[in-house]
């Protein structure tokens, strides 16, 4: 009887549990046994294994995080660790490993594949959506909803006090959450790593002053990607307050963006991909990622997912630049395609 | 200066306000004036007009419902009413009418186009997702989230009391909400109008009894589309309770599925479509619907949207039939494609 | 070493898990062992016991429902069952039983106390809040929030379509959820079992017609307690539609009111009461309920909690009757104190 | 005809709109006219008045923030401004001013009362709950819910990654939000300004190390009040990471705590207090705050609300110290009463 293993790796993302559920049930229906290793690659090396049975999957999809637990494990780049993991997987007679994670995790999976004979399949699970080869990733949609709801809350104070807020959202080095949250929350401006050229401080300040002149009694919300501005939104607020004479308030959303019950879209996506991953195993595939492009499940060579850049959808960028109105950013292009 | 009108028609759907925002801002940026008529087609006939300006659109996207208000207005099928509406539109020098609504509304729009020279553009706004020519409709995603969250709540009581619940979801005569909510909530079974042949009572009863035998201490949730079973879930509960000897509890979700703040996906979709609709007006298009297929904005002849059937995605149907396990429905095909 | 048992009984209520957590940790800190019986009194009779340890309580408070499961068990009124339960409790050397539940459960507890020598302590856990001797019960606050949020959703459709909605809320035979939800949702009218005399159909119809005359373009929401009107809100809608000529839409909220993550107030209340219940055990108390009156933890003879009626707060009734404006109900008294 | 004015002042709080609704309807029912001034005391000085009519109050209670807008306005301490405000109020024939706000606002109100003959009534509206003379304030309950939900989200990541998180909550200089959020989220530790003596860094570090030894695979959440630790949770994280060798992650919740739809408790409280405030005006009262103590509406001399300290409920402090288990804080007393 075939036996596969599954791990969740890197930052947790809402929907990972639903993905595990689909994997376990689908595998079991094809007489394939499943075990999990807790805490990702570290858990393989340390042999933190646990059997996974369909009966235990009844009520996991509703929950955020990952019941298999995860970890960041940069040490896995060492050859010795990959070999150690291969040994553990062989000890358990594992013929395929499913890795739910982001680009660091897929690099780890690709690395492992050099020292292990089994099949290696990636499933995109990261709130950042920064993986080439798939339109979206498990957890991204929920993270955008969470960021948007948080901005909706801050908007109420901003509106009551007629304030400028600079709201920092996650995304590591990509503007996906920033772009989607900016559109969804009707932000007045956005600062994303992909905008090119990046607007200068003076331009942002001008846009704010112009808005204050037109709507002195209203809020002004700028969505800013993390890792973009030196000192984050705190630094940007200080600079902008000085430049404009208007107090700008920083608001980093932080870790709340990662948690929470997955929304329906993420649960459904997670189950589609988990189900397809088991079928890819049955078909003998390896070193691929299962993605979703234009509503169709696709298979992509694993290394392409982290070697290629994934651009923002230029139509959505233009949409927001247009809707946010007369604005510094509206005159600029973006390196989106 | 060009002037366009916009209405929301039929059942309200979360995201309609975001769509109006995108229409008004985009139009204004192209020097096109916008007015709205309250309460849909009835509001045109009764000339319930109100000017719409970008400054008033700052904070509408966050809200559910439609600030333009809507109505069901079957009387509009009369030729006299269409002619009356045409007269009002001409009186205001309207050159294009944008109709945000579902298939009844598009039939109304198509009807009007026979008696009016202006451009008529449809934008799919209905929680039911039962419009051909677009993968999704404004409000559908939020409605699925709302249904799923409600089922998650009921699941807790079901699990605490080890109960069988039959949960009725909306969809008029289509199973989209039912299918997506069933997957997202890990339902044990689903009854949708598109399943073919429809499972018989005895089969549903068997599946329940089989599950009770395996998991006597657990919940069992069946998602049932409205308008499918005679007497709705109340009738089905009575029949199933008799057939199984297990008390089955009916739970119609009702109108809560329609309301609520739109999720990010619906807000973004709504703005994409509203923005594209204005461009379609500028391009001289008429009698089309603006839809989204495989992530691309498309234009579809208006009459096709209600003349053709829209099938469920057969891959999602199979996914749920597989995941819900050994089950009456799993042995059956579906008329999905 | 002392040993106590805990059950959750009757309808589940959000916060029950937080209560169990407080009981287990507090007991353990006083070197008292705790076991649970699943499914309430039925679980005692059937000896469905499970040990409860503080380490397992780390993450239960966040969840709705009851992980100890519950049941309705009218058969427990039989003397034989009470004696059987006593035997099981003695077999496990239990010296005290904590019962988290509503009035049926407390009658069961009082019944058991006649045939068992151990201490019996009740903790009020029911969304209905219909227990004398405590201002509020575990789950009530969350249920009111849930009902209110559902009404907020329906309000959006009601407002978009200018409709009359009759919304049925839970409460068994008490109007607590109805009253609080009516105030919180700014309902235009409420029908509760405690209003006296009950308004007649003609009066309700008049109030609706009067409101339609003043606000023809607006919503009208009536909050109706379950078990009050023959045929529920469906029956009432039919009658009112006939009487007014205005279509009135029924909307029973149903079981969604029972589930969901407990709000902060219910979690804190649950832990306060659970903690105090263990101290009552240590103090040798029996046949009491631990309640909260005017922000203070109190002890009440168990039988009084179900023998006495609990009135609505007349000040809140008057508040809502005043705020809902010129209205049939505003001219009437209530049997509230 | 009598005429009263209402303002919202200082930080906005969920429920302020419901309070205005109750004031306007209640006043109108007693033939008293109401006007609002936008942006608090600044709006009086600048005469930003707007009439408030019951018809406009139909749908405001559901919304967060304050539609009357607010502001911080330290300049109002100047005698000249108070006199200017008095002149404006007299110009409008205002006989009473209702101030919904926190302690800074009440100091402003008390200051104004020295230079103005009208009645001045305070209504406690602040998420911080740091006003003596009332058990709770409008917005506090919702803010605790919001903080708790955010911590629930972070808990999922913390649990998946087995991490220590230091979560900073609001409260200005009071630990009310911190205490309630810590209990409600089953936090492992809390740092509040009222704990005495404050735990030392070494003690906190010890508690963390002890917990990591017992539960190496689990999360550890510390709730920390703002303005308590130098450098906030960022500074504390650096120090604790060094002291323990375990990476501690800071997570300031920030402005999201202030916004959001008010929960039922805050809406009901807001309406009770607004209604009572109008009756206090009719009874000729002045320089009082309307509060709620032990479920009863009370009147308190305005100056006492900000001159006296308001202690935390020592029973709740002890409850959390007990439940968070063997812990540095559990050996200490608190200056709570």
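Read from first to last, the chains carry the letters A, B, C and D; within each, the first residue is number 1.
To be clear about the criterion, a residue touches a chain if its C-beta (ideal position, glycine included) is under 8 Å from a C-beta of that chain, and two chains touch if they have at least 3 such contacts.
Quick caveat: nothing in here was measured; it's all calculated off a predicted structure.
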If a chain touches chain A and chain C alike, it appears here: B, D
Count of contact steps on the shortest path from chain B to chain D: 2
Chain C and chain D: spacing of chain centres that average the CA atoms, whole Å: 28
Chain centre separation (chain A, chain D; CA means) in Å: 35
For chain B, residues contacting two or more additional chains: 152, 155, 159
All touching chain pairs, where touch follows the definition stated at the start: A-B, A-D, B-C, C-D
Residue ranges of chain C in contact with chain D within the complex: 18, 21-22, 25-26, 29, 54-55, 58-59, 61-62, 135, 141, 144-145, 148, 152, 155, 159, 180-181, 183-186, 215, 218, 261, 263-265, 267-268, 271-272, 275, 294-297, 313, 315-316, 319, 322-323, 325
Complex contact set, residues of chain B against chain C: 8, 11-12, 38-39, 63-66, 69-72, 146, 150, 152-157, 159-162, 165, 217, 249, 251-256, 258-260
